[in-house]
Amino acid sequence: MANFIVWVVWFGAAFACLVSALAVVSFSNPFYSALALIGNLASLAVLYLLLAGEFVAAGQVLVYGGAVMVMFLFVIAYLGDRTEDSPWAGGPSWQVFGAVLAGGALLAEVIAVVALKAGNLLEQPKHIGRSFGTPASLGRLFLTDHLLAFEITSIVLLVAAVGGVVLGSHARATESDARA
Amino acid sequence: MNDWLTTFLILLPVAGALLVAIVPFSAYFLGSLATLVALLEVALWITAAGRFDFGSSSLQMSQHASWFSDLHVSWHVGMYSFSLWFVGMTTVAMAACTIYGWWVGRDRARAYFALMLLLTAAIVGVFTAQDLLLFYAFFEAMLIPLYILIGVWGGADRMRATITFVVYTVVGSLLMLAAIIVFGLQQGTFDLTRMGPSSSTWLFLGFVVAFAIKSPLFPLHGWLPVTYREAPAEVSGVLSGIVGKAGLYGLLRIAIPYFPQPVHDWRVVILVLASISLVYGSLLAFRAPDFRGVVMYSSLAQAGLIVLGLFANNSLGFDGAVLQIVNHGLVSTSLFLLAGMVERRTGTRGEFSLLGGMARGRPALATLIMTVGVISLAVPLSTTFAGEFLILAGAFKQGWAWAVVGCVAIVLAAMYMLRLISGTLHQDVGPAVSDAATDLRVGELAILVPLVLCLIGLSAWPDLISGRAAASNGTEWHPSARIAATGPWSCQVGAANCPPQGVRLQP
Amino acid sequence: MINRPHVDWFALAPSLALLGAAGLLLMVAVFVPRSGRRQVAAFVAFAGFVAAGVWAAFLDDRSPNPVAVVHDAMLRDRWSALAQVIIAGCGAVAVLVSYREQMRDEHVAEYYALLTAAGAGMAFFVQAGNLMTLFLGLEWFSIALYVLTAIDIDLIGSLEAGLKYLIIGAVGSATLLFGSALVYGITGELSFDRIAAAGHAHDSMLVVGLAMIIAGLMFKSSAAPFHMWTPDAYQGAPTPVTAFMSSATKVAALVVSYRVLVSAFPHSTDLWRAAIAVIAIVSLAWGNIAALVQRNVKRILAYSSVSHAGFMLIAIAAQNPLGERALLYYLIPYSAMSLGAFAVVAARERELGAPVTLQNFAGFGWERPFLGVSMWVFMLGFLGFPLTGGFIGKFYVFAAAYDHGYWWLIVAGVIATMISAYYYLGIVRAMYFRDSAELQLAPAGGSPPHDPLLAIGVGIALVVTVGSFFAVQPLIDVAHSAASSLPF
Amino acid sequence: MHGPDLQWYVVLSAILFTTGALGVMLRRNPLIILLSVEIMLNSANLLLIAMSRLHGREDGQVFAISVMAVAASEVVVGLGLIVAMGRRGVELDVDKLRTLRG
Amino acid sequence: MTSTAWITLLLPLASCAVITAGGTRLSRRAAGYISTATALGAAVSAAVAFFDMWSKSPSARGSATTSWTWLSAGPYHFGLTLLVDQLSIVMMLIVAGVGSLIVAYSVGYMDGEDEERRFFAYMSLFLFSMLLLVEGGNLLLLLAGWGMVGLSSYLLIGYYQERESAIAAAKKAFVMNAFGDATMALALFLLVQHTGALDYATVFAHSPHGGAVANLIALGLLGGALAKSAQIPLHTWLPDAMEGPTPVSALIHAATMVTAGVYLICRTHPLFENAYVVQDLAAGLGAATLLMAGLIALVQTDIKRVIAYSTMSQIGYMFVGAGIGAYPNAMFHLMTHAFFKALLFLGAGIAIHAVAGEQDIRKLAGVGKLMPVTKWLFLAGSLALVGIVPFAGFFSKDSIISACLAHGWYGAIIWVVAMVGAFLTGAYTFRLYFIVFTGEPSAFVREHFHAHHGKEGPVSMLWPVSILGLLSLIGGWIQFAPLWHPFSTWLDPVATPFVEPTNTQEWLSSAIAIVLGLAGIAVAYVLYAARTTEVPKPVKAFERKFYWDELYDVLWYRTSDLVARGFYALVETPFIAGSITAVTGAVGLGSRELSVAQNGLVRSYALALAGGLAILAVVFLAVR
């Protein structure tokens, strides 16, 4: 019974995930795309839960769905909604063809990988304890094995922040525009 | 074992170049400084020649110092007897050309003289390097100053000239680089004195193509016309007189001794190409419309002749080739210098349609052009005649047809050289020849007369070189005598292709 | 109770030094008045790079045998230490070159902060010991570089370059990430050595992951066909940044690529070796041929850096001791030449106030003899001519290829060099053979004051370029000891 | 475990990755391109978490968390650039950014 | 004896060097005197050497001394060897003696030329070269001198360097001689290959007897001889060579250089005797030449060309002599011919000099009236040429003719030809004499003749001519084959003849030769002096010199010119020069294509990344 619910939830989440992703890339208005991405993130969070990643799921919702996307929406609003006509147009003639081909190839490859793997490894996940994916155990990891990763992540964020400051600052007088 | 003299011969011009590049002198004094260095170089060579023991066939005045050990590359320079003569030719001719540059007062003197001195060092290095990679380094280093010298001080079409020149030369030398790497790694060392023969055709061709482009040999002479016409006269002289000889030296020092089997297999092909160059060059020289055209195509022909001698594979050919290399080095340099002087006087680019009748009232010019001209067409008793005689006698032993071709070419040589002489000096006065075109001045005589005297002296005693090209003490000799036939890097291909010391390959 | 892991601060020192410099620079940005900011900032950055270099040298001396630090997050060995020395050197010279760059004063400190941060990122990146640190280090300096590329915000070109670099870079790192995920998925391990230990040679999932990782790394080393961003980014970025990118980034990317491939995927050597060989050929062909018709000098140099990636990939593909030596040796003169060349371009740019093209390079060699001669030497070095380390580098690379029997790689390299002669010497031609008199060039606001720091930077590059030709033995010894620290 | 086998997660992440890639390759609005990049990163995250579940090891999740942060920083820089563009009146269309080419 | 040989050799060279180096610091006269003095000195030292040799026993007369190794390669050594023996001493005497007379003559003749320094330098150079040729102790030095005389001949023919025709003639002479040098060189290569040396003793000892090699060697040498001595088929340069100043024609193209071929055959007669076919060929060609030249000489209108053709025909006689093996006779005729042919040229020179350099005999007609001395001298020369007793030609030429009879049927044929030649000689020689020196002076002569201080010419020109006149009278008396032959005896050790005509043959031939000569003279008298009968219309082929020039024009000059143009148009321009442009063009095209691919679109860049990745992954999956 529980298994059935899990299946339902999984299908729902996966479906939502795919649809929202497609929506993101196909909406002509970035605003809607951003909203669609929020949905995508949320559905991914659900999948994370199914994979026993409570903490990650929470982080997903808070950091991504919250902070990042808010920032996105803010910027979009700031720039005003510029709906673009014919989102797929542009670029050389072979662009779309090539893109679909390359993307399809990548997809096919991974599918093939899975198919080739079908039956052995991916079907017997290890048994996991209760604490798996809990903030406590993740935090322990962060402070022991992956201490550096943790620190570096913060550094990366710092660098990005500095970059944001630098880029976001105001323009100089027009004489510099002449150099453009 | 360690004798600094050769190293000094290389380092002295480099030091001079650096000095010229930094000292705060006026152009004129920079020129005099460069001249001084060039003459010192000649003096240094004379001391070397004085100390040289022509009796021994071993490497002399050599210096050896490891450069990087994991691939056994080292700074190894030294001179065999024939190298000594080539170095002498280089120092003398380069001195003449440097002084000419001073005489005509090239602008941007600092760069000009520094480059000329660097060029001297590079060429001397090519003739003395005993390590394959070092040889390549010098071989390439020659190109660097030449490129600038042509491109900056050259004629109107110098861009095309530089591009063509560089494309050809770089193609050749890079093929050689590939060959060198493979050869060296096969042998386990890059030290020429410790390498053994190889039977790989590809390596052989890699070397030969590079040297054939440099020499030049038909059909790889595509860079020749535009380059020789556009380069400054003295640089053209260096190119055809000295730099081209680096290719021939490479054949003599590397391609022939280390690849006995390929040489044997490809001899006919190369001899055919050489013969074609000989006849082809002579005929084109016969039709060439200008002074330099005649000289440059004649140098193509001469290269073919020398290759005939080198691949005749007997001591007649080898000694003759060595002698002829030196001869043509001096002759060609003098001719190009004369071309420059004529062009400067007449404000032309040496077209025969504009020249003529310059002999009247210009005895010095006429005498010098006449003298150098007849020497270059190998009138008997001249040293060039001696060289050609040996070469063709050697080629005759290889096969009578080669010598016949050579003799035909001798007649053609007479035709084009007389055409040059009369086109410049004789018949009615050309439109570009005014009274402003004076006779040679003292400075120019001071440059040319020594060269001509060298040639005349050699004509009186060509044996000075041909008899001392290799310490063969009266036996047949072969460059492969310089190969160490023993040691871990002995023949790859079995004893069949390993020439024992000093024995010629063909019975 | 969490037992804190033992942290080898000494191994971290180079990165930390630069990071400290970055932090200090942020302080400078805040506290030092604008008047003195430029000097102070430059000095701090320079000191940071020098300190990092010195530390790295110590590190190289003190770590004869490789050890993993902080669990398996990073590795302390000579391979990375040597790379750090080179990177630090590049950074220091880049600072010298940047000093007079006309940028907005209010952000000069941040500029140096980002520069040092990028340096720190690279220094860490080369030490990365598992896929996570690999990815993080990559992002670390990448993000810094995105910002640096676009820092001259008022230049539309710079902005455009930044955005392109960012987007493509993000795709590239996403690819790397996905590949890492696949590899993690099949092996369940993140650290290189244990990935190798886990085996699964030629497992489908592993090879796809490997392909993606290769793509991501080759993207950073700007090897064709993953190089497309390179010309645009190099051309659009401020020239000192380009100088830094072209030299340090390549060093980091190539060194790490080799380490990852060798230490994590020894079982699939034949696969990645062939792949790298092919990529090398493509890079050689594309880089050299595309450079022929370029007019903008920075773009020419960008394509040349693509082709040089190809040359160094030959050494990687050979994957033998000779190849490792070749790679490390080649990087030294290459980064020097690349820095120096871009520095000279920067000098010309500043005196013209316009992008440098072959056209307006005319006569430069005569107006600025020192810079001209240096540029000439750099070009010859790129071309692999004697008297420059480029020659020995190419020689070693070819030797390595032959040693492994890849004679066709030698052929490809030789042909590529033949083609490259055209445009390298074309730059020399532009500098010397034409007179600026022919084309009336009005230097913007007169010739700027002479720039001793830039000259010093160029001089250093010159010394390294030429010196590495003569002092081959010591450099090779260093490279040898560094290479010996790799697992075999 | 309950629910579908892990390979379905892999397939799903692959689809997401491809979708994101297509978005980058086909869209012109830099904002949407950034969003597509986010999708790519998230697909990788999904894969990481699935795999950490597979192996019953949490470092995959740790990796995922740090990836989130990195993604966030990329977004910051990207948005900064886009804002700069917008502020300078450059049309938000990467196809128009063709001054650097050739 | 060696020292005298060296002095003989080096004195002219020294004078050449001095004059060249001196340049304009040297007065014109001084140059002339230096040259004359050195030439005389050479002659004297040659004479000293001669008497020195005279005092020795015949066996000990030859001496070869090597001063230093001139050239060597591996086992081969070619020394700078001077060989002084009976043969070379004769040549030295002729060259230095006649040479000094002619140089002295030219001091007066060239007076007023503004570049006579150059002239005398060249003359001295020529003397040096010629002496080197005859003194050279091995074939290499012989070849060296061989080429050097060719060079100086080139320089002197082209002395009037503004004259188109002079330069052309000079080139023609040089190139045609270069042919000869080339064939000789080939012969030398053969010798080097088969005997390993080039000095006469070794070569004669080891060169193969008979067979193809021997024939080829002789043929090569013969080629050189033909070119130098202007024998068929390499003769066409000699008439044109008359463009040079008259003393040059006298010295080089009559007395000395052109006879070098005869000397060569005599010097290397062992090689020729090893290949008797080739030797007969030489004789045959000589005969053909003497006949053809005689015929052409009949119709020439240029005084110097007439004499030139007669030179050709006389050398033909010498070739006959050398070819049939009568070496002493050939050498003897060489000597006498040097005397009277120089005399004829110099006499003609005086006339030309007196009449404003005019050379056309129709215009010169009757000049003899105004210059009697010249007239008598010229008559002496003509009689000597025709071979009338007691003039020199009689003794030398007739002995050659008679020797033919001792050479079997082949000799008989040649004998007939030679007799016809004798008749022709009489005819053309006296045609010239009667037209120019007898009869009333033409209007042209009256107009242009200018007496030199009341005399016919300057003394410096007259006395050498007089001496030559004397020599051509008595020069032949030293040997009259039937009765006394010291000359042959002298030469016998080095050039042993292998034909010995009987005395009856001698008498017979001489008689017939004289009769025919007189007949020729009579014909000439009838036609040109008495003018009783109309002069027959000259044959076209004679005037066009049997079309040899046209033949060579087509065979060599036009051919090489055509081939050269062809190379330019078909090889050099399209391929050699075109290849580089083609390659660069192709690469440039690819470059432009790539820069199109780099289209500046982010999406395309991403596509490249994804595409590359896809391909990589596919391949990996495929080959894993």
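Every chain is named by a letter (A, B, C, D and E) in the order it is written, and numbering of its residues begins at 1.
Throughout what follows, a residue touches a chain if its C-beta (ideal position, glycine included) is under 8 Å from a C-beta of that chain, and two chains touch if they have at least 3 such contacts.
Keep in mind that what you see is a predicted model, and the values were worked out from it rather than measured.
J.: Applying the touch definition from the top, give me the chains sitting in contact with each of chain A and chain B.
T.: Chains in contact with chain A as well as chain B: C, E.
J.: Which is the least count of steps on a path of touching chains running from chain A to chain C?
T.: The fewest touching-chain steps linking chain A to chain C number 1.
J.: Going by the average position of its CA atoms, which chain sits the greatest distance from chain A?
T.: The most remote chain is E.
J.: By C-alpha centroids, what is the most central chain here?
T.: B
J.: So which chain is the furthest away from chain C, centre to centre on CA atoms?
T.: E
J.: Which of the two pairs, C-D or D-E, is linked by more C-beta contacts?
T.: Answer by contact count: C-D.
J.: Averaging over Cα atoms per chain, report the distance between chain A and chain E in Å.
T.: Averaging C-alpha atoms per chain gives centres 102 Å apart.
J.: Once you find the CA centre of chain B and the CA centre of chain E, what distance in Å lies between them?
T.: 36
J.: Calculate how many whole Å lie between the centre of chain C and the centre of chain E, each centre taken as the average of the chain's C-alpha atoms.
T.: Those two chain centres are 78 Å apart.
J.: Go ahead and note the Å separation of the Cα centroids belonging to chain A and chain D.
T.: That gives a centre separation of 5 Å.
J.: Identify all positions of chain B at which a residue touches two or more other chains, and write them in rising order.
T.: Expected reply: 163, 167.
J.: What parts of chain A, by residue number, touch at least two of the other chains?
T.: Within chain A, residues 90-91, 95, 98-99, 102-103, 106, 109-110, 112-113, 117, 121, 145-146, 149, 152-153, 156, 159-160, 163, 166-167, 171 contact more than one other chain.
J.: Counting only residues that touch at least 2 other chains, which ones in chain C make the list?
T.: Each of 132, 136, 139, 143, 146-147, 150, 153-154, 156-157, 163-164, 167, 171, 182, 204, 208, 231-232, 293-294, 422 in chain C touches at least two other chains.
J.: Pairs of chains that touch, anyone?
T.: Touch list across chains, by label: A-C, A-D, A-E, B-C, B-E, C-D, C-E, D-E.
J.: For a test of understanding, state which residues of chain A touch chain E in their complex under the given definition.
T.: Residues 90-92, 95, 98-99, 101-103, 105-106, 109, 112-113.
J.: Using the touch definition up top, name the residues of chain D that touch chain C in the complex.
T.: Chain D residues touching chain C: 10, 13, 17, 20-21, 24, 30, 33-34, 37, 40-41, 43-44, 47-48, 50-52, 54-55, 57, 59-60, 62-63, 66-67, 70, 73-74, 77-78, 80-82, 84-85, 88, 90, 94, 97, 99-102.
J.: Which residues, counting only chain E, touch chain B once they are in their complex?
T.: 20, 23-24, 68-77, 115, 118, 132, 140, 143-148, 150-151, 154-155, 158, 161-164, 167, 170-171, 174-175, 178-179, 181-183, 185-186, 188-190, 192-193, 560-561, 563-565, 567-568, 571-572, 575-577, 579-580, 583-584
J.: Which residues of chain C touch chain B once you look at their complex with the stated criterion?
T.: Going by the criterion above, the answer is residues 322, 325, 366, 380, 385-387, 391-392, 394-396, 398-399, 402-403, 407, 410-411, 414, 417-418, 421-422, 425, 428-429, 432-433, 472-473, 476, 480.
J.: Please give the residue numbers of chain B that touch chain C in the complex, ascending.
T.: Going through chain B, the ones touching chain C are 66-71, 73, 108, 133, 136-138, 140-141, 143-144, 147-148, 151-152, 158-159, 162-163, 166-167, 170-171, 174-175, 177-178, 181-182, 185.
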